[in-house]
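Below: the structure, in structure tokens.
Think of it as A, B, C, D, E, F, G, H, I and J in the order they're written, each chain with its own count starting at 1.
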Amino acid sequence: MPTQPSRKIERVPNPHPERDYEVDLAVPEFTCLCPLTGQPDFATIRIRYVPDQWLVELKSLKLYMWSYRDEGAFHEDVTNRILEDLVEARAPRRIEVVGDWNVRGGIKTVVTARYEQKPA
Amino acid sequence: MPTQPSRKIERVPNPHPERDYEVDLAVPEFTCLCPLTGQPDFATIRIRYVPDQWLVELKSLKLYMWSYRDEGAFHEDVTNRILEDLVEARAPRRIEVVGDWNVRGGIKTVVTARYEQKPA
Amino acid sequence: MPTQPSRKIERVPNPHPERDYEVDLAVPEFTCLCPLTGQPDFATIRIRYVPDQWLVELKSLKLYMWSYRDEGAFHEDVTNRILEDLVEARAPRRIEVVGDWNVRGGIKTVVTARYEQKPA
Amino acid sequence: MPTQPSRKIERVPNPHPERDYEVDLAVPEFTCLCPLTGQPDFATIRIRYVPDQWLVELKSLKLYMWSYRDEGAFHEDVTNRILEDLVEARAPRRIEVVGDWNVRGGIKTVVTARYEQKPA
Amino acid sequence: MPTQPSRKIERVPNPHPERDYEVDLAVPEFTCLCPLTGQPDFATIRIRYVPDQWLVELKSLKLYMWSYRDEGAFHEDVTNRILEDLVEARAPRRIEVVGDWNVRGGIKTVVTARYEQKPA
Amino acid sequence: MPTQPSRKIERVPNPHPERDYEVDLAVPEFTCLCPLTGQPDFATIRIRYVPDQWLVELKSLKLYMWSYRDEGAFHEDVTNRILEDLVEARAPRRIEVVGDWNVRGGIKTVVTARYEQKPA
Amino acid sequence: MPTQPSRKIERVPNPHPERDYEVDLAVPEFTCLCPLTGQPDFATIRIRYVPDQWLVELKSLKLYMWSYRDEGAFHEDVTNRILEDLVEARAPRRIEVVGDWNVRGGIKTVVTARYEQKPA
Amino acid sequence: MPTQPSRKIERVPNPHPERDYEVDLAVPEFTCLCPLTGQPDFATIRIRYVPDQWLVELKSLKLYMWSYRDEGAFHEDVTNRILEDLVEARAPRRIEVVGDWNVRGGIKTVVTARYEQKPA
Amino acid sequence: MPTQPSRKIERVPNPHPERDYEVDLAVPEFTCLCPLTGQPDFATIRIRYVPDQWLVELKSLKLYMWSYRDEGAFHEDVTNRILEDLVEARAPRRIEVVGDWNVRGGIKTVVTARYEQKPA
Amino acid sequence: MPTQPSRKIERVPNPHPERDYEVDLAVPEFTCLCPLTGQPDFATIRIRYVPDQWLVELKSLKLYMWSYRDEGAFHEDVTNRILEDLVEARAPRRIEVVGDWNVRGGIKTVVTARYEQKPA
């Protein structure tokens, strides 16, 4: 039975919450559809975060990325939405999401969004 | 109205059939599905050919590549099928198709198939 | 009917004005004319900005860049003018424009201009 | 008085016609217009030739390349036409012209045409 | 239940035996033990072959590579043995195996072995 | 008699404790097992530290890295554990450990953990 | 009539003195003579400056660089002298000059000097 | 008469002591002996300093580096000793010495030491 | 007393005339003057030859290259003349000379000339 | 007891003499002395050979390379001598030795010598 795309990102307990450390993930195989033309767009998504109590589970992250395959999504919007989904599910101390999109119309676009927990 | 994926490759008359010359096309945005797991696969497809009476029309080539997006396809098979579709439609004098696939299971695969017209 | 060059940059609403994030655009196909010799000059224009209420619309940005094709323009001046046109039309929170010009007379020139909104 | 674009390539006597040797020229600043959309296209043109009695004069080659700036030209056609203009004007013993075009519609195109003098 | 290392390479029918084409596989994660010191050695194994009636099945190739993990093996010998195992199991028309070993004692070693079917 | 893997890192007196200076070590040959699948994982481990009274002895560091070869270890956890073992044994003034892991499931992971002595 | 080398750098009015922006110039074709041996030395000179009221005129900069061709000059001294000549003539707000010299006696030398206007 | 290795670094008056500027020297040909095994070690030594009243004379620096050729020296120690010899002889305002050593036992080592004059 | 530029290339006996072997020399510091404008031109000269009875002496080759510093020379001509001077003085079995010239007028030129002894 | 430099290259039986295969060795840490000036020279030595009955033993190859450390040797001569020593000791079917020497006097030298067994 093949695995299915899913918008839900699973979580794994952080084995070292006593320390700030960075996890840097690169997903070079992101594709969605252009909302204007319906044609495929391609990007590399990079995620750099400092976990709090939870880590991002990698297999579910792959299924999450897959879930955009048939969805129309603007470059700037989808990069921010990935940030928000990761913040909501994992509550990282700090996180940066970069969407590095292939050339369209002779122009290359890279979008970078960041989030940081407010001090208590 | 958005353009649609299509398995039909359009043709354009070769403006210089009096001479053997090479056209080298790189399509870095090919994606299909793994027939075993249903998960997405990604590749760069490179096409190098010597046209006879017809050129490959680029916009239809893009739609042709798009048409594999929801299709299960093995690396070796799809590279050969792209070769055959291009030979059938455009009858090039010589052609080479390279499928350069992303790493799966720690292994990177590149498939290279060639065709050459038989002398009359 | 072919699209026309135009000095007007269209705007798209920023879907995430609640957050500072960066958009990095690279336009490797800029050409204008040297005001002294009338000969073509070539550059890559890079734009990095934090949007406020509006995004730069990419298709109109391409037509904007095209609009310099038959215009005489000094390296330093045109880089600053692109900055000013983007500031005026989109009112970004921060923006940097880089003009990376091809070698002329054995000398390579890169011009970098920046703008930042004054705090209210 | 500014220099003007011109389709005429000047010639310079080959100071060493007694020997086959290669001259390799790279012109990274070629631009013309797409005949279908009217929008600018960009390429690097590379020329490798073995001169017979004449060399290509470099300043006139630059003006020749400039002369395509406002002309509609298909990738495959213009590469062959540059080859033919160079063959006609300079009668080289052997020549190869490569048109290396920027990405359009997610596809990169390189066209390579060759000519060789027939043995007397 | 975890998958196990295995010296047996599975086979898949070649969907295009009517044509000579190349499959190029890179396995950057090969490790075995030095027979003299017992210490780990590391290599990238590259396989380039023209299939006859069978393809190499990739998952079993990965398990095959894994099976050397606890085995003492000299650089030159193991590269030749991988070649022989692939020839025996898959009977390719042509095959080249490259073992690209990490530096030991300030010396880098690359071993390249080839096999070709004898004409019938 | 072959050297054995060992979890104990030997120490060498720092010949220049009077000065803060950095030692940067790269170990490109780290392998352990995935705790979920039992399959091998591969990484490059990089260590950058400012020694206090002791240096890391390189031969024992190599045996230490070797000691993970047959152990199941999550990417994030093992990077932090290497940090802790180095802090415990050598008491460096500052240290950073980077685990740079090979692609798994199309995703590349880099984990970076740091430690700094508290001022007395 | 050929242009002549000259130690005088011409100036062009800065079209945007209302803003701090950077101009980065790279001159990869600098040559002078070693004062000790009389043999030629070669360097790339890089200049990065924020103009005040004047820009450096590029053609005169090229003639200025040419003027060192037959002059004996130590690496450290000539880099500083170029800085001083540019400061004196153009009064930039900030400037950095880098002399990146070719290997001599197995040693590569790079000299970097900076100047900044004192606040009024 | 061949030049001899020497531990003495000659000095040259700094022609521009009125300004802080950097001199960056790369010596890619350093070799000494391992104190434990007696076998040769190899490194690139990089020196970046801000001169005070004196410059490092390059020819004597080469002879200085040569003087380690037959001497046993640990990586961390010799990098610090080169720093100290340069500080003692030239009294630079600031200096950084980097020893970038070749791989030994599968581990690459880079040592970085710095010195800065105390304010008067 | 400084060494002087000289058009004479010294020779050294080939210690292994019994065997065909290649010597590949790269001289990245060639400069001459443009015969039309009098301005400096820069090139890298590469020489690959199979010696017969004599080797090229390197110090005299450097002085030979220096001798073009104040001479007007066309790209194609000077590359051929260097070939001829090397053939005349050293009578190599085979030789190739490449002149790789810096960009002028947006065009890069590489000239390659070859010579081979006629079989006796 | 430290290992000693030695001109004797040990041999290991070729485990696969039934097949022609290549072994490619890179030794980036070769140093000898210039016979004219007595100063150190540095090179990377590359060896590519097809073994007959014997392999080159790597540890003794390292000691062999070490044995040139205090010996005066011309670039062309020493490359040929290494070839001859390897031919004499190991009788390879084919062998190529490349000496890739560091820049001296602004000139880089690469020497390539080859040997092939005569057919029986």
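Here are a few things to note about the model shown:
Here is the rule we go by: a contact is a pair of C-beta atoms (placed from the backbone, for glycine too) under 8 Å apart; a residue touches a chain by one contact, two chains touch by 3 or more.
Model, not experiment: these values are computed from the prediction.
Counting only chains that touch, the fewest steps needed to get from chain B to chain H is 2.
The greater number of contacting C-beta pairs, out of the two interfaces G-J and E-J, is seen for E-J.
The pair from G-J, E-F or B-E that reproduces the interface of I-J, where over half of the contact pairs by residue number are the same, turns out to be B-E.
Our note on geometry: chain B versus chain J, Cα centroid distance of 46 Å, whole angstroms. One inter-chain figure worth recording: chain D and chain I are separated by 29 Å, centre to centre, where each centre is the mean of the chain's CA atoms. We define each chain's centre as the mean of its Cα atoms; on that basis chain C and chain I are separated by 46 Å.
Shared interface positions of chain D, i.e. residues touching 2 or more other chains, are given as 28-29, 42, 102, 104, 106. Under the touch rule stated earlier, the contacting chain pairs are A-B, A-C, A-D, A-F, B-D, B-E, B-F, C-D, C-G, C-I, D-I, E-F, E-H, E-J, F-H, G-H, G-I, G-J, H-J, I-J. Residues of chain D touching chain I in their complex: 14-16, 19-29, 51, 55, 58-59, 61-62. Within the complex, the chain B residues that touch chain A are 2-3, 28-29, 31, 37-40, 42, 66, 69, 102. Residue ranges on chain C touching chain I, taken from their complex, read 42, 102-104, 106. Touching chain E in their complex are the following residues of chain B: 74, 76-77, 79-80, 104-115.
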